[in-house]
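Take this structure, written in structure tokens, and hold onto it; I'll ask about it next.
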Amino acid sequence: MTLGDLVAILPQTVLEGLLLGFVYAMVALGYTMVYGVLGLINFAHSEVFMIGAVIGLEVFRFWGNPAAPVIANPFLLLLVALLFAAVGSGFMAVLVERFAYRPLRKRGSKNILVPMITAIGVSFLLQDLTRIYAALRHNEFNMQYRTYEALNQVFELPFQTTIQMKGVLIIAVSVLMLIGLTYLVNRTKLGKAIRAVSQDMQTAALMGINPDVIISRTFLIGGALGGVAGVLFGLLYTNITPYSGVLPGLKAFTSAVLGGIGNIPGAMVGGLILGQLETLSGTYLPFLTNGNFGTEYKDVFAFLTLVLLLLFRPQGIFGQNVSEKV
Amino acid sequence: MNGYIFPFTLAFTALSVVGALLRPASDLVNLALLASVALVSLGRIPTSWRSGLLAVLALTLTLLLRLNPGDKLAFYGLLGVLIACFLLPNLPTLVRVALGTAILFISVPIAGLTNSFLFELGIQIGIFAALALGLNVVVGQAGLLDLGFAAFFAIGAYTWGIFGSPQAAQFIEGFPAGGLPGNYLYLFMALAIITAAITGVLIGLPALRLRGDYLAIVTLGLGEVVRVLANNLDKPLNITNGPQGITPVNRPEVGFLTQFLQAIGAEQVYGKPIDSYITYAFFFYLLVLLVIGVVILVNIRLANSRFGRAWVAIREDEIAAKAMGIPLLPTKLLAFATGAAFSGIMGAIFAAKQTFVSPESFTLQASINILAFVILGGMGSIGGAVVGAAAVTVLNIGLLKDFSDLLNTWRQTGVTILGYNMANLPPQLNPAKYERLVFGLILILMMIFRPEGLIPEQRHRVEMQEARQEAKEGGSK
Amino acid sequence: MPLLEVRDIHTYYGHIHALKGVSLTVEEGEIVTLIGANGAGKSTTLRTISGMNRPRKGEVIYQGQPIHKLPADRIVALGLGHVPEGRRIFPRMTVEENLDMGGFLIRDPRVLQERKEQVFTLFPRLAERRHQKGGTLSGGEQQMLAIGRALMQDPRLLLMDEPSMGLAPVLVDFIFEIIQKLNQQGKTILLVEQNARLALQIAHRGYVLQTGQLTLSGPARELAARPEIQEAYLGGR
Amino acid sequence: MSELALDVQGVTKRFGGLVAVSEVSLQVRAKEIFSVIGPNGAGKTTFFNLLTGIYKPDSGRVVFFGQDITGRSPDWVARNGIGRTFQNIRLFKAMTVLENVLVGHHTHTQQSYFDVLLHTPRFHASERKAKARAMELLAYMNLDRRAEELASALSYGEQRRLEIARALALEPRLLFLDEPAAGMNEQETEDLKTRVRRLRDELGLTIVLIEHDMAMVMSISDRIAVLEYGSKIAEGLPHEVRSNPRVIEAYLGKGAAGQAGGTHAPA
């Protein structure tokens, strides 16, 4: 491959990275919101995301059977799928908070390991519950999204790049959601309450804010975003398993840390950066190393970047530097 | 009420022992024996009686196992007695040592020589326990959350796996084609300690500068990096043989053990030749026991030294620890390297025992499992780490499988339970496949109801109780 | 019936018995001050009243209603404001947003706006800084914001914890004038102060707290005149 | 004039826009009991944290017995002769009283990693020595009978004494005490006064303390510095400080009533 070829594929690579980055960004928001409020790495968020993907898949199967569709328009179908996934995943997240995390909060364990282990436990539980569901319902482990021509339609863009309709939708939906969330957090009463609780839970209570309610809403919003991201992820990569959430979840969490955990714009930027890092290194590493180090190293690349960044800027790109009062 | 517990336990235990002698094959009797073990361990029983009862129970269960090596319940009972004499307070040390040695070196081998599953289980528990003890130093004592701990296990395994197999000849010219002879394993166990400790320092140097959650995510990432490297370093130079893994890995010679077994007339006793498969199982069982013994000793000694105290101090309050002159990074690195060393040595043994190393054994899931052993057992507690490993291992490769078999039997015979015909139970419901579900549920319930673990370390118990009290009465100041 | 009645409360931090049976009353329209050394339990008393700590024993009655079992957010809703120790401004929210939080329970946006204007009239300085982040304010401005924030809900009783902490003397005087002004406008105030002399000057009555127990109480002037108070808290001769 | 234990030269610390400590200079002589007083929030604890390495000063120098220790890490400072206690008590709550003191003795417990693994005679000797020293210090602080109890089981006053014992285990030359009498009753405060004096007289320690209990400060201090709003506004012998008009205004409180009604504009 010549240098010219490498340059020629750059725009398309960046575009792919952008799509991936937006998916990460949406999932990262869920992590960052929960972390901001509770200081908890909600490992179960990757499963909330995966469950969103499964819900979306079921909507497409129930109402979008190409032979006898209930909803014939694939765009409408997608909208319904997104709605159902948002509601389903949101409620799932609320349930997790109510039954796994809140009891811990009431018991007041200061050990950060306790909620984290619980989160891991919830994550396992949800994975296998989904697996049982998939086994009983579809008798299979892998679940495939249906494909629709309208969604796979290809557009030609400048610089010899192409994008599928679903790619356009991913960008559109995620940008809309990011704008919506920013508005919600910065302008609405609920958003301000979320920020107040995340900055100082006790003082927020002195304002008449019930922290439990706010935390619950935070999980609802984060979960809903995760659900929507799940559907879009499923649409993009078509294959979903009960363990599909793990890796994207990890990447999304990494994005959140990159951007400065607890910081909403940071999560978006972190996601976009990680998406680029991963696609660029995945595409170019094999060429640059004569095929000796293949695409498999893209995760190594992503994590090493994270470590390097944290060493020089422990609070992430946008994070606040908080020092403990002595 | 309490006054009746002792005589009742005595009577019940006597009854179940008599039952065992009369009707050794009955499941009911086995259950009664299990219940006796629990009663003797947990009831209010005078120390001297307790020692005697445990000995009687151990003897009975051993007899049952000898009669029927496949009797799993008897095996679990024996495990229970072992744990009881390991952990119960106020037992004379002599009784602990004598009973423990007898169970580990007599009872288990007696049955294991005909049913190698018991050795297998013992080896698994031992390996996991050593990993848990290693992580216990890092997480339990020093309070450093490491989510990539399996990496050190991998380093140990590959250290022997590469050089004790034809693999090394792939990239080192003139290396013996079949790899180093199996007896080099002993040397490589020492080397694995060193390589793993060095890896610990290398990972720790950047990671340990970060606080709490960031440390967790970075160790997780670096653990994955080690796995990805193992998975892909088959090119440009074939070091790890990639995803196919390395096989066969050499094992030490066990001629001496075969001779020993012949000398004591094992073949006559069992009426059949002891094949090399069982001999190897026995060998690794003994090796793992030896190593775990050393690991426990080291763990106890460190905990009661200035290093152990410094680790706890750092866990409790980093700022106060610094004000006491404790340098944070070196002290944390020491914990990291120590923990890594424990899992490194077990990695080398694991490679030899399996005769096979592949990246699949060292996933994130493995790291989290090890963490769960520590948490379930009780953070910081040495006994807890061992019990946690034993409990989860028995659950995963013992109980869940048994339950699956039971369900299958019901399905085939069409038993009706609560008006539901088990024959209609979907075949997808196979508990053995859903260990994560059970595991996840256990983790959640434990964290909610007993966050200090099964066998809490004194210090953690205090922390948890204080926290609970404060939560009830409002935040800390 | 007193506006606030605290009956024999015992509060713990872990094993530490921080309050060992504190009882006090606050009548409508009073300024009552609670003085004592650091660590005597002054803040803990306020925190126990406003629900941030739970007493293991004892009762807190506000407007005739027991409130010691209610969570903090419900107690605030009953019209009890708390200006916490160290001000506890939301550092990454603007001045205006901090006030919005103070008025969280107000449903009518017009009332909210009105109250904010009242706070801005009281503290013109805050109006100038309304779009500035709380964390970037000076100590005095933060204290004004903390008071303003507590006033948003128009509480009948205001608990104030060390409002003079870390402030230059001019500012301390200003804050104390505000406290008196609020009192004249009808607010009842329970004031915890380390600057005992100043606190006893503006208060009607005072209580002295020592290692979790009340040792003295009475009209502020009488307390200020007592030699043991002079010696211990006023740096007297 | 005796040797200088601590020579602080114009240290300044800013947090964001807030100047917490501004150009503070002071000298503490060896074997002196030196108090730093000032209203809550005047920057006293921040000042301590600058001297013990928890914060790095933005400018200025700290010299300890002739050695420049500016910007050294807290553990280095601790190993090199400065012990401290904390305003809000930072004991290792889940460790026993004895273990807390043993942690303080960390640097002086001469045992290597291999001594520990092999239980060499050196290990046993060092352990014995450390425990003996710890018990001695506990006895000194009248806590020896509670050695095996958990630190969290102690009362406020006892916890403060344990913090001092733990700091003494560092074998320091200078001791910072951050509000040692906070939360103590009168009797305990009296007792503390005697102990602090003994630390100086018997162990030859230099002691710097932050305290609000004026009776205590006035009676045990050789000299006093007053901080206000991050700056030093006075320094001198107790009776000088007590009669300094600026100190009275800023901290001890204005004398006559009626002066409070000034017409200051908000700053």
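The letters A, B, C and D name the chains in turn, as written, and every chain counts its residues from 1.
In the analysis below, contacts are C-beta pairs under 8 Å (C-beta built on N, C-alpha and C of every residue); 3 or more make two chains touch, one makes a residue touch a chain.
Worth saying up front: this structure is predicted, and the values here are computed from it rather than measured.
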Partner chains that subunit A and subunit D have in common: B, C
Greatest separation from subunit C - chain, by CA centre: B
Top chain pair, ranked by number of contacting C-beta pairs: A-B
Computed distance of Cα centres, subunit B from subunit A, in Å: 35
Centre-of-Cα separation between subunit C and subunit A, whole angstrom: 44
Approximate Å spacing (C-alpha centroids) for the pair subunit B, subunit D: 47
Inter-centroid spacing, subunit D versus subunit C (mean Cα positions, whole Å): 30
Residues of subunit D whose C-beta touches two or more other chains: 54, 86, 93, 152
Residues within subunit C bordering two or more other chains: 14-15, 51-52
Subunit B: positions in contact with at least two other chains: 319, 460, 463, 466, 470, 472, 475-477
Residues on subunit C engaged by subunit A in the complex (per definition of touch): 50-52, 71-73, 76-77, 82, 84, 88, 90-93, 97, 100-102, 104-105, 149-150, 153
Subunit C partner contacts - residues on subunit A that touch it in the complex: 189, 192-193, 195-196, 199-200, 202-211, 320
Subunit D to subunit C touching residues, read off their complex: 16-18, 39-43, 93, 152-156, 159, 179, 181-186, 212-215, 228-229, 242, 248-254, 257, 260-262, 264-267
Residues of subunit C defined as touching subunit D within the complex: 14-17, 37-40, 86, 123-125, 135-136, 138-140, 144, 162, 164-171, 173-174, 176-177, 194-198, 201-202, 210-211, 231-235
Parts of subunit B lying in touch with subunit D, wherever the complex brings them together: 298, 301-302, 305-307, 309-310, 312-313, 316-317, 319-328, 334, 458-460, 462-463, 466, 477
